[in-house]
Every structure is written in C-alpha cells, then in structure tokens.
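Multiple structures follow.
What follows is a pair of complexes built around subunit A, which joins subunit B in one and subunit C in the other.
Presenting the complex of A and B:
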C-alpha cells in the first residue's frame, strides 16, 4: 500500500478502511509538563491562550510523531463559558469545574449565553485550531473536542444531584440532556468551521457510575442523532468499564469509540462486532505513568493483535508522563509491523 | 429467620458463600420491624426509612439496634449489589439518602452514648480531583461501622492531609480519586508523609473507581478499598495492624 498522509491514515482508520500502518492519536490529550517546559506553554495558560494552546498541542506531532493533533486538553472550556465555577490550577494539575457548587438545579435553568462562541475560553480552542491548520497544513488531522450533554450535566448540576435526578425524575433528565445538547452542537460546529477534521465527544456515562441500560435509555438516541448531524467523523469517549454498553454504542452510527484499559482490547473488539472503530486503550496510571518502554510496547501489541484501529492512551494522560513512554507507542507500532512482516 | 419477603428476594443477590453466611445470619436474628427498615433502605425509600426509624425509637428500640440490624444490614446488601454490578451509583445514592434519613434520628443518640470509636479516619479526595461520591459513601459506611471520620472534602493537597493529621491524630488516612489523571497525587501524598517523617505514624489507604490493588502497591499504600464495604473491612484490619506496630 502507498504511504498515506497522517490525515488519510486517521480518517481511513476511523472509517475502518485499510491503512498503510495503524495510526497513533490521542483524541483526548497528550499535554505533559515536560512539553510545557519545552515550548514554554504551561497550564493553565495553555488552556486559556490560543497561541500557547497551539504551541503545546503541536508537540504531539513535533516531539512524538503522532498522527493527529488534539488541542482541547481538558473537559472544561465550554463549562467555563456558561458560567461554572472554575479551578484553573497550575502547571502540574488539570483545570477543573467545582461541581460541588453547581450553577443550575433543573432543566428550566439551562440557558446558553448568546455570546457563548465569543467567550475567551471557547474561542481559545477555535482560534488554536486555525493556528494549527495554518502551521501544519492540510495533511495533519486536527481533532476537536466538544462535551456531550451527560458530561455537561455533571458540571452544571453536580454529579450527585444529576444522578439522583435520573431516578427521581427521568423525564426532567431527558429534558436537561436535550437542552445541553445544543452546547455540544454549537461548540462542535464552531470547531469544524475553524478547521477540525474530527471531533471527540466525551460523554461520561461510565460503567463506574451508571448501567448499560442508562446508556441505552438516556444517550443512545442522542448519540445516533449526533452521528447524523455532524459533518465530520465523531469519536465518542467514555472512561471506565464500558464493554457492557459497547454494543449499544456500536449501533449509533458514530465512527469510533475511545475506550479505557478496564476493557481488554479483544473483548472490546468482540463487543462492537466491527460496527464502529476502536481507539485505545493503553493504561495511563500504571503503564504510561509508572512503567517502562517495554511495558508500553506490550500493550500496543495487545491492541494491534486484537485489531484496534487507532492506538492511543486510554484517556488524557497524566501530566507527568515521561516522553519516552509516549514515543514508545509509535515505536511499538513499528516493531509490531516488523514482526508481522517477518512472520509473513 | 427472614420474615420480610421483599428482603428475602433482595438477599438472593448475595451469592458468595461467606457473605451469605455472614449477612444471612445477621438478618435472620432480627425482627420484622428491622427487616422492614433494611428493605426500605435497599429500595431507596427515604420517607419509609425516616418514618420507621422514628416509630421504632418511639417503641423503645435502641439506636444501636436500628443502626446495626436495620440500616447496616440493608447497606450490606446494597454494597454487594453495587460491587457485583447489579446496581450502580444512582441506586446506591438513593439508598445512601435513605440511610441519612434514618441517621438524622440516630446520630444524636449515638454520639451522646459515649461509645469508644473503632478508630479515627481522615478522608479526602486527592489534589486536583473534585469528585466526592465515592468518598462520601465510604465515610457513611465507616461512620456506620463505628469509626470517627473527619471529612477533608475534595482537592486535598498533601500539606492539607498533613495539617489534618496534626489536628486529629488519625489511625488511617483514606485517599480517594475518580480520575486517572489525579491518581498519581495519591503517590505524592504518600511520599509527602515519608518526607515529613510521619509515614510510620499512620496507615494510608486508597480507593476510587480507577484505582487497583496494583496501583495501590506501586504508590506504596498500606491498603486498597475496592468498594465502600471493602474499605470498612480494610480499615478495621489496618487499625488492628497499627496497634500491633505501635505496641
């Protein structure tokens, strides 16, 4: 097969088509403290200035030779824009929403500010996408990110109140999700207009919190609609144990699912039955953060042997992850290809 | 014996032999009134738990009996169902809300009784992590089991754990995290206790959805609580161990 550009490779993998080599791309984040120091773009400034954001995001290509750039590092930009109380933290900690001080109580409170897309914490991502497109050209895919309504609901209502509401008043929960979905679309479309080739939609209906039935009842239709409405490939991201809901996710028509190391690559591939591409699932806290290059490569081999289409860390990587372990992901793919060539 | 049919049905979810014996025997010795409380708690029926707790206290049943034979027996089954993925966090939350509805009546009586606590625990979600459901469930179970628990809230820095250690002199520090990105802060807190020379003074426990025994070992924790129920068992073991180590 002819050598593909990074963009051709990623888009083909997302559509479960043949590739010249399996791509590596983290649809969530590969920001690290080491890279912040290297390009002088530390957190939280790199989450709030488009120029610093683009500089840090670009290291995914320049330092690790991954196949895509994902400039939205955290999961809080749009929550900041709609008025959530924020904790921006410092270089070695993630910015986060103070969910213990929720801004809204029920669906009727959900109101999207008219100038949402002009808010600096939203604009930083769209402006950064434009900078990156300019800098890296058309052959490098840019993965934008827009939060799904379930994740937004945690931020605006608080996790506990929102989950209690799912039992006390499920109709109200659906109403809230449908209203919050407008934010998902607004921000997603703005990133596509700015040049994003792909969107990640984190929507944390994780098995650590809710059942597969919850996913089916509250989110499957919403994600199915998303697959139809967005004009670019969509990668759904849900942390934690999700294999029980993967058959439902696979039926949505979304292009890909970014899965956690709590699910083995093979059981995940079996669960989705070739209806959706898989992205994942190298363990973050134990392997990438704490172990060595050989351990990383072993997990790359496990993913490739199972047929996972895009190799990636399971989620946004810990900020103090060593660069050599990230480089080992790409090296692991090269080693796997060489081993397979020998066998054939 | 099981006099409450609904509770008997709920008990069918308990399948491990050791748990069947332990929880089964504990329920079998209780009255129908206590079994009604257990069942209402499992159903997350806070109004019934509130009403039944008040009624039983008025009928002369002791706060301790209502806690042990009513609320905690119910919570044991909730814990098993949660661990075995029969139910998930929303269902646990409504049971926890029901437990709180009962505890409102029991706590003033229990604290006035002057019973010696099993031990003292500091609990906090680690630095950078603002999630508290798991931590709060653990606190509820630990308090129910007889521990004194000081809740440090979320986003707890190593220094805040150290300060609270100085203030409360706990037997155990429990650290919680929901995010893989914040889990390493458990290791940093443990290292901080090493650095300030307090590591041997206290037992350090970790838990949270993404945390595993392997990770706990790598970070140098003394124990890992897989669930809120498991955390109580581990806390009891760690308190005993600390006493041995200090004696």
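Presenting the complex of A and C:
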C-alpha cells in the first residue's frame, strides 16, 4: 500500500478502511509539563491563549510524530463560557469546574449566552485550530472537541443533582439534555468551520455512575442524531468500564469510540462487532505515568493484536507523563509491524 | 534538543519534578544512562543551565554522588544504583532552599508521632554494612516506633530488613547520605504515603479526578 498522509491514515482508520500503518492519535490530550516547558506554554495559560494553545498542541506532531493534533486539552472550555465557577489550577494540574456550586437547577434555567462563540475560553480553541491549520497544512488532521450534553449536565447541575433528576423526572432530564445539546452543536460546528477534520465528543455516561440501560434510554438517540448532523467523523469518548454499553454505542453510526483501559482491547472489539472503530486504550495512571517503555509497547501490541483501529492513550494523558513513554507508543507500532512482517 | 535526542543522549527518565519552586516552576528530570546521571529540563528560560548545575551540586552534597566535569552530570559508583532513595534525593535537591547545607555528625531526627529522638548508626558486620536504629526520650513502647522506622527504610530506601531494629542497603555498602535523606520520610510512612498519592493524582484525568465517579 502507498504511504498515506497522516490525515488520510486517520480518516481511513475512523472509517474502518485499510491503512498503510495503524495511526496513533489521542482524541483527548497529549499535553505534558515537559512540553509546556519546551514551547513555553504552561497551563493554565495554554488553555486560555490561542497562540500558546497551538504551540503546545503542535508538539504532538513535532516531538512525538503522532498522526493528529488535538488542541482542546481539558473538558471545561464551554462550561467556563456559560458561567460555571472555575478552578484554573496551575501548570501541573487540570482546570476543573467547581461542580459543588452548580449554576443551574433545571431545564428552564438552561440559556446559552448570545455571545457564546465569542467568549475567550471558547474562541481560544477555534482560533488555535486556525493557527494549527495554517502551520501544519492540510495533511495533518486536527481533532476538535465538543462536550456532549451529559458531561455539560454534570458541570451545570452538579453530578449528584443531575443523576437524582434522572430518577425523579426523566422527562425533565431529556429536556435538559436536548437544550444542552445546542452547545455541543454550536461549539462543534464552530470548530469545523475553523478547520477541524474530526470531533471528539466526551459524554461521560461512565460505568462507575450509570448503567448501560441509562445510555440506551438517554443518550443513544442523541448520539445517533450527532452522527447524522455533524459533517465530520465523530469520536465518542467515555471513561471507565463501558463494555456493557458498547453494543449500543456501536449502533449509533458514530465513527469511533475512544475507550478506557478498564475494558480489554479484545472484549471491546468483540462488543462493537466491527460496527464502529475503536481508539485506545493504553493505560494512563499506571502504564504511561509510571511504568517503562517495554510496558507501553506491550499494551500497544495488545491493542494491535485485537484489531483496535487507532492506537491512543485511554484519555488525556497525565501531565507528568515522561516523554519517552509517548515515543514508545509510535515505536511500539513500528515494532509490531516489523514482527508481523517477519511472521509473514 | 528534541525529545528523541534527549532520550538517546541522556537515557531513561528516572524521576520528573513538574514544578521547580526555586526557578520559574520549570519541570526538571533526572535521567540515567550507563551509570551517568543527567539533570535536564526542556525549559529554555534564561539561567536554566545554572539552575540545573545547582541541582546537580545539591545531589552531590546531600547524596554523596560524584560530580562530573560536564554540565548537569554526575555519576554513581558502579553497582550502587538504588533507584528509590535516588529519586527522593533528586526531589529534595530540586525543592530544597538552595542555601541549605547538609547536616553533619550523628544521623538523628525527632519522631513526629512521639517525644522520641531517633539515632541511626552504621557498622560493618560480616561484610555487610548494617544500620541500627535506636531511640532516646519518653515512650511506652519505643521498639514499636523503631520497627516502624526500619519499615520506612525498607519501603523508601529499597533496604533489606536485618533485624527488628536494623537494615542494610541492597549493595550492602554504607550510604550515610541516603540514610540522612530518608530518615524524615521513614519515620512517618502514612503521611509520606498520603503525600506521594497526592503527587501521583495531580495532573491525572480520571473519572475520580473529574468527579465523575462514586469512589
């Protein structure tokens, strides 16, 4: 097979088509403290300035030779823009929403500010995508990110209040989700307009908090609609144990699911039954954070042997991840290809 | 230097401090290749080279390692690489007040859970350099605290327990500097564990850290 560009490779993998080599692309984040120093773009400033954001995101290509760039590092930009109370933290920690102080109580409170797309914490991402597109050209895919309504609901209502609402008043919950979905579309479309080739939609209906039935009842239709409405491939991201809901996710028509290491690559592949591409699932808190290069490569081999289409860390990588372990992901793919060539 | 070059030139990153409190909050790494240690940062801030050499010199002063005649570099005597205490030494060297000087004389430290004062002395016994822990001061059962300190050295020093009140390092050689560095940690394992867990959790994005989990 002829050598593909990074963009051709990633798009083909997302469509479960043949590739010249399996791509490595994290749909969430590859920001680390070492790279913040290399390009002088530390957190939290790199989440709030387009220029710093693009500089840090670019290291994914310039330093690690991954196959895509994902400039939206965290999960809080939209929530900041709609008025959630923020904790911006410092260089070595993630900015978060103070969910203990929710801004809204029910669906009737949900109002999207008219200048939402002009808010600096939203604009930083769209502007960064434009900078990256200009700098890296059309052969490198840019993966944008827009939060799904379930994740936004945690941020604006608080986790506990929102989940209790799903039991007490499911209709009200659906109303809230549908209203919040407007934010998902607004921000997603703005990133596509700015040059994003792919969108990640984190929507944290995690196994830790809700059942597979919940996913089917509340989110499957919403995600199915997303697959139809968005004009670029969509990667759904849900952390945690999710194998029980993977068959539902696979039926949505979304292009790919970014899955956690709490699900083994083989069981995940079996669960989705080739109806959706999988992206993942190198373990973050143990393997990438504290283990060695050989351990990283072993997990890359496990994914490739199972047939996972895009190799990636399971979620945004720990900010203190050592660079050598990120290089090991790409090297692991090269080693696997060499080993398979020998076998054949 | 880019990431691949650093990896090839300096070897494996043993420890990474994400924010140096004494120099613009830069990240600093300790790398190891063929018994040569290198202190390195990707930061290009003015004065960074001087700062890396200061950290290197602190590791020499406080850890008894050998300073090399090359920037950022120091060496470990062959066969004496003991990773855990080396990591503690590195973190301490980055985070300590740069004007701090190593203590001299007896190795001793107050217990922070009682009124005891711990003392550690080493001697050669049957070709092994054994460190013995003793305590002075008031306590109903000082042996319990002494045993806990020995356990702390096993945990944080990669040491081997010799007896309820004694231990030795895996290379069976004297490492007085490591003993001095580790004693404040070894005497209070539960607090150190909390500190290490908090440090590990910082910068991790998980369902727990996001608040999207019951645990």
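In the analysis below, the second predicted complex is superposed on the first by the 344 of 344 C-alpha atoms of A that agree within 3 Å, B and C clash if a C-alpha of one lies under 4 Å from a C-alpha of the other, contacts with A are read in each partner's own complex, and residues count from 1 in each chain.
Operating definition for what follows: a contact is a pair of C-beta atoms (placed from the backbone, for glycine too) under 8 Å apart; a residue touches a chain by one contact, two chains touch by 3 or more.
Here the structure is a predicted model, which is why all the values come from computation and not from measurement.
Student: Looking at the combined model built on subunit A, do subunit B and subunit C fit side by side or clash?
Tutor: Once subunit A is superposed (C-alpha atoms), there is a clash between subunit B and subunit C.
Student: According to the stated criteria, A:327 is in contact with first (subunit B), second (subunit C), both, or neither; which is it?
Tutor: The second partner, subunit C, only.
Student: Where does A:240 make contact in the superposed view: on subunit B (first), on subunit C (second), on both, or on neither?
Tutor: both
Student: Looking at the overlay, what does A:285 touch: subunit B (first), subunit C (second), both, or neither?
Tutor: both
Student: Report for A:316: first if it touches subunit B alone, second if subunit C alone, otherwise both or neither.
Tutor: A:316 sits against subunit B and subunit C alike.
Student: Counting only touches as set out at the top, which of subunit B and subunit C does A:87 meet: first, second, both, neither?
Tutor: Touch status of A:87: first partner only.
Student: Is A:211 in contact with subunit B, with subunit C, with both, or with neither (first, second, both, neither)?
Tutor: A:211 contacts subunit B only, not subunit C.
Student: Quick one: is A:99 in contact with subunit B, with subunit C, with both, or with neither? Answer first, second, both or neither.
Tutor: In the superposed model, A:99 contacts both subunit B and subunit C.
Student: Would you sort A:169 into first (subunit B), second (subunit C), both or neither based on which partner it touches?
Tutor: A:169: touches no partner chain.
Student: In the superposed model, identify the part of subunit C that clashes with subunit B, out of 99-107, 171-179 or 207-215.
Tutor: The stretch that clashes with subunit B is 207-215.
Student: Common interface residues of subunit A with subunit B and subunit C?
Tutor: 93-94, 96, 99, 159, 206, 208-209, 239-240, 284-285, 289-290, 315-316, 318-320
Student: Under the touch definition given earlier, write down the residues of subunit A that touch subunit C in their complex.
Tutor: The contact residues of subunit A facing subunit C are 28-29, 33-38, 40, 42, 62-64, 75, 90-94, 96, 99, 154, 159, 204, 206, 208-209, 239-240, 284-285, 289-290, 292-293, 315-316, 318-320, 322-324, 326-327.
Student: Please give the residue numbers of subunit B that touch subunit A in the complex, ascending.
Tutor: 44, 85, 87-91, 93-94, 97, 127-133, 136, 153-155, 178-184, 209-210, 212, 214-215, 218
Student: So in the complex, which bits of subunit A are touching subunit B?
Tutor: Touching subunit B from subunit A are residues 87, 89, 93-94, 96-100, 159-160, 163-164, 166-167, 206-211, 214, 239-240, 244, 262, 284-286, 289-290, 314-320.
Student: What residues of subunit C sit close enough to touch subunit A in their complex?
Tutor: 2-4, 6-7, 12-13, 16, 18-19, 25-27, 29, 41-45, 200, 202-207, 209-215
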